[in-house]
Amino acid sequence: MTQPKLFLSDNAAPVHPRVWEALQAADHADVPYDGDGLSAALDERFSDLFGRPCAALWVATGTAANCLALGTMVAPHGGVVCHEEAHIEADEGGAPGFYLHGAKLMLVSGAKDSGGARIAPADIAALIDPIRDDVHQVQPHAIAITQASEYGRCYRADELAALGEFASARHLGLHMDGARFANAVAFLGCSASEAVGPCDTLSFGFIKNGGMGAEAVVLFDPAAAAHVRYRRKRAGHLQCKGRYLAAQILAMLDGDLWLENARAANGAAAQIAQACTARLLHPVEANEIFMRCTAAEREALRAQGFAFYDWGEDAARFVTAWNTRQEDALALAKAIAAL
Amino acid sequence: MTQPKLFLSDNAAPVHPRVWEALQAADHADVPYDGDGLSAALDERFSDLFGRPCAALWVATGTAANCLALGTMVAPHGGVVCHEEAHIEADEGGAPGFYLHGAKLMLVSGAKDSGGARIAPADIAALIDPIRDDVHQVQPHAIAITQASEYGRCYRADELAALGEFASARHLGLHMDGARFANAVAFLGCSASEAVGPCDTLSFGFIKNGGMGAEAVVLFDPAAAAHVRYRRKRAGHLQCKGRYLAAQILAMLDGDLWLENARAANGAAAQIAQACTARLLHPVEANEIFMRCTAAEREALRAQGFAFYDWGEDAARFVTAWNTRQEDALALAKAIAAL
Amino acid sequence: MTQPKLFLSDNAAPVHPRVWEALQAADHADVPYDGDGLSAALDERFSDLFGRPCAALWVATGTAANCLALGTMVAPHGGVVCHEEAHIEADEGGAPGFYLHGAKLMLVSGAKDSGGARIAPADIAALIDPIRDDVHQVQPHAIAITQASEYGRCYRADELAALGEFASARHLGLHMDGARFANAVAFLGCSASEAVGPCDTLSFGFIKNGGMGAEAVVLFDPAAAAHVRYRRKRAGHLQCKGRYLAAQILAMLDGDLWLENARAANGAAAQIAQACTARLLHPVEANEIFMRCTAAEREALRAQGFAFYDWGEDAARFVTAWNTRQEDALALAKAIAAL
Amino acid sequence: MTQPKLFLSDNAAPVHPRVWEALQAADHADVPYDGDGLSAALDERFSDLFGRPCAALWVATGTAANCLALGTMVAPHGGVVCHEEAHIEADEGGAPGFYLHGAKLMLVSGAKDSGGARIAPADIAALIDPIRDDVHQVQPHAIAITQASEYGRCYRADELAALGEFASARHLGLHMDGARFANAVAFLGCSASEAVGPCDTLSFGFIKNGGMGAEAVVLFDPAAAAHVRYRRKRAGHLQCKGRYLAAQILAMLDGDLWLENARAANGAAAQIAQACTARLLHPVEANEIFMRCTAAEREALRAQGFAFYDWGEDAARFVTAWNTRQEDALALAKAIAAL
């Protein structure tokens, strides 16, 4: 019997062997919580990677990472501007409302975005300029963007710079949800620092990219970590065997495994995308392919052993991962071309 | 050079080999979050263990487990009665205030408890009976106890029954913080069901007892899980590779590894305790020893390679774990006897 | 010099003489908080008015009334469906996020509503049917409607019945923001009970209609009051001289002053509306007139001493109140006709 | 039949005639919320009174005033040190937990206070010095004191200075609950500024002292008002006819009515206190008398028409107010002397 060829989601992928090795290397008694040497090494490792001082904390999920980061810039009576399809709005079960104590998400409509659920200063201005400086209306305190976006699109350096200038002019914080940050860096071919641009905070995803259960909250104002550490504990996210989380992250950074894995996933996606350029809903810039196809076509693909999600009535979503087999991607590309 | 003989905390211990095996057995693509087969198996496994229907959810920390459980019984305007040294009050960074949206912890004083930070109906009545049924005063909604307690003491079946009757008569929920529940069951020599008694919820700890990063929230009213699942997601605790948490817990339950490990830890503690019965601050009923000793004596022990925490000015705390070496426990017992 | 003729807002109007009388009649020492006889009378008075048992509590603002009412039906992890121009979304400074501990407002777009910011089952279904029963997405727990609506439109009995059936079928609570409930009853010519229909809770406004600082939270499940009383105190809304709030409300109910005042305001609005039927943005069903007019026309009206708000670029809003002078309404009607 | 002679609480007293006059003088259409001239005058009037720039906002209750003030200095993950009998802990229904999003009240025990529920730097140090700088423990962010205290005791200038130095050295905010601030100023015979000392915020009570429903939040860092105005709205405390609250406060400040009323209340209390010096639980420094007396003695007093509260088993509490009649105070003094 044939094994299904999986294109459901990168969050279903297994753990990379080098992450396993690091986990097992950490398997000895050590100082609990984040008092161990591995956890302590994170600040310096991320500061090296981004070429400027930053603080970095492990947490178990991207949801927690996003919410803790936003907590450094949004008061309970404020708001966060994001795309209406942003993960924090659409897929985190209301976590920002919980972590931010009732702060409001202020939504840029998909009909008005800059392509693939990315937002631009003009989109944001259209949303917030009508807000009066008046206590009856919630005021924006921050902007949250996603790199790569919910549709696998990447912000370019000049777009990030424009967002940074806008945020700064309006005294807004700027957060980047980087659940697939590695895929964006791999696509853009730039440095991690260029891909994060002027953001104040980043949730740097590792789980979809070969980790088991560790993401990093990266704070480009390292002083903010003093508060975030308390907030992490208060949210029940300070694991007592934290070294196992730090070990995963360090393994991903070692030898740029994060980039190597992302390149593999992106490469597989690009291969598939080439087979269906005319069908694409969005340019493929990371590891997700949104492709127009009929229900009958989807059925045909599934009959050949491909597993993936429907995307509404007339499309499908394929996601590749660090472990997508070359032959599976090729097979999918061929099957799509043959539709 | 000698390796230090560690008695600092069971939360510093490594991961049990059988847990490692289970983790690796789960290392394949699977349905994300808690849609995998391992996560789905938890309800039945815990129902079997406790001999009655219950729901069980994995989370990464005891803090999250306690707070999610309390959330089933405490409204934001209510209160939770606990011991003033309870972990939820003294060591969770205010997490209950966050998860319970400002509910109040109502504290039984250590001077008035039933021994070793355990509380009894009379202690609770003394605290809450003076509260008028009046909106100016926060009303208690639940009681939280710890099994084994913060000083390693265990509640007996009759004590639990009395607490259950009291809670029921006052319309209060009853939660058990079971970070060291396994050690309590091992000591009491009873079933898991007897050790939890009439509690409505239990946070069942595995991390201190051989796990890596998974505890279980056990809900003896399975219907409560519907809400708790939303609250877990909202708190950023729904990990996308949940199978790795479920695997840990199932490995601990398989062949009663949780009990085997707890017996090992308790046995080592008992061995040490025998060497210092006259010095004990509390009877040793689990894997913690609180022993009177002078600063000079502590220095002497440390000089022999024993690592442990001071407990105030005149005492020390030793904690054993599933992996405490027989020879280390024996060496400590001898060293203490020789003081 | 001429006094300006005010059509800015009914919330700027003074206090009705019969309310003043009642305030002064209450001016003697009495039991504090809501222990006085006037406060105690509210439940019965509202039960009489609505012809069924209900509980009623005074609070100082409509914002607090709405939020306390919603708190009876919306868990922190849930959501409230409302119109995107609903007061709770657009004008309460994020109060629902605070009172509901981070619950989410789920917005029916104005482009898709049933006229004048009213919502219908089909609008709500279109919004919530795509929500999967899945912890990643916030689930709706309640619907909030406004009677009369933000554009002065009234829900008819059959519309309310349909909303009630829909809410019931979906297990959703149904709240009515009745800041101008009196104006709606006056327009509909029905009973208070018919105007509230199957709603579970109502915030019954008195302040815009002749009161000083008292609204009523009306709970058609009287048992819910037990929680709401605690929540009111916890929100700092249990005033110690509560009799002065109860007195206002009772004075408004006495001899149907609430209805008499609303009829006066509605009558003045109708008189003005007749002068500009072709210009109306919305049918005038309460005491608000939204009228297309150019900037030059608005200037002309202001030059004649009329005070009112612009409504965007091309319209104006006029609001009448219980104390709008017959001659001022007539003068405005004439001035508009003469534009 | 004789009217009862009321010594239950100053919060039961009626409204002062000059406050009524001011309320009625405000009875005309005006800009809603706090846009009216009376509300706008508060900042300057309080700045004059305290001899330094401050911002002042009206709210309807002392609970809201305390909580909004504390919100300027306490993060959700922090704590507030106060006396265990402080109003914010014992009588506000958990409001600080709500307003401060789960922050913790950290309690100085009555057994260790400085007399009459006052706290001193040494009390606070004993409480907070054992707290490790560690995310597992909630850190104090502020101190809250009550002037006059819950037992009618007043902080002297040197005591306030010491608290200010301590707070400053520990980077803690310092808030004063001034529900009976007027009584303290009247007793101390000092300026308002001296009676508030180095506090950062003050809730200045007027309701118990002749007002109807208005207290002032006074912020000695006027910049903090920007946030507090949003938080007030968000808490449903921005009343739309705010001029009626501002009018009350301004009437109380005019001609030092606040001081005149407090002197009257204190004078009556002093007269009663002279009759029972040997029985006093606390020196009488404001308008509250806590007096040892048996149940039989209380019955005897009540038989003579005196209304007051029991204070535990063996004492009574008498509270005087701005309107306590000279002859009633005298009669009570005589009746007590005759016991």
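Residue numbering begins at 1 within each chain, and the chains themselves are lettered A, B, C and D in the order written.
We take it that contacts are C-beta pairs under 8 Å (C-beta built on N, C-alpha and C of every residue); 3 or more make two chains touch, one makes a residue touch a chain.
Owing to the predicted nature of the structure, the values given are computational and were not obtained by experimental measurement.
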item: Which of A-B and B-D has more C-beta pairs touching across its chains; value: A-B
item: Maximum centroid distance from chain A, chain identifier (CA atoms); value: D
item: Centroid distance [mean C-alpha coordinates] between chain D and chain A, Å; value: 50
item: Chain centre separation in whole Å, for chain D relative to chain B (CA means); value: 43
item: Geometric centre distance via CA averages, chain B-chain A, whole Å; value: 34
item: For chain A, residues that touch 2 or more chains besides their own; value: 76-77, 92-94, 97-98, 101, 135-136, 230, 233-234, 238
item: Sites on chain A touched by chain D in the complex; value: 33, 75-77, 101, 135-136, 139, 227, 229-234, 238
item: Contact set on chain B toward chain D in their complex; value: 76-77, 79, 90-94, 96-98, 100-104, 135-138
item: Touching residues (chain side chain D, partner chain C) in the complex; value: 6, 9, 11-15, 20, 24, 27-32, 59-61, 63-65, 67, 92-95, 97-99, 207-208, 212-213, 230, 233-241, 244-245, 323
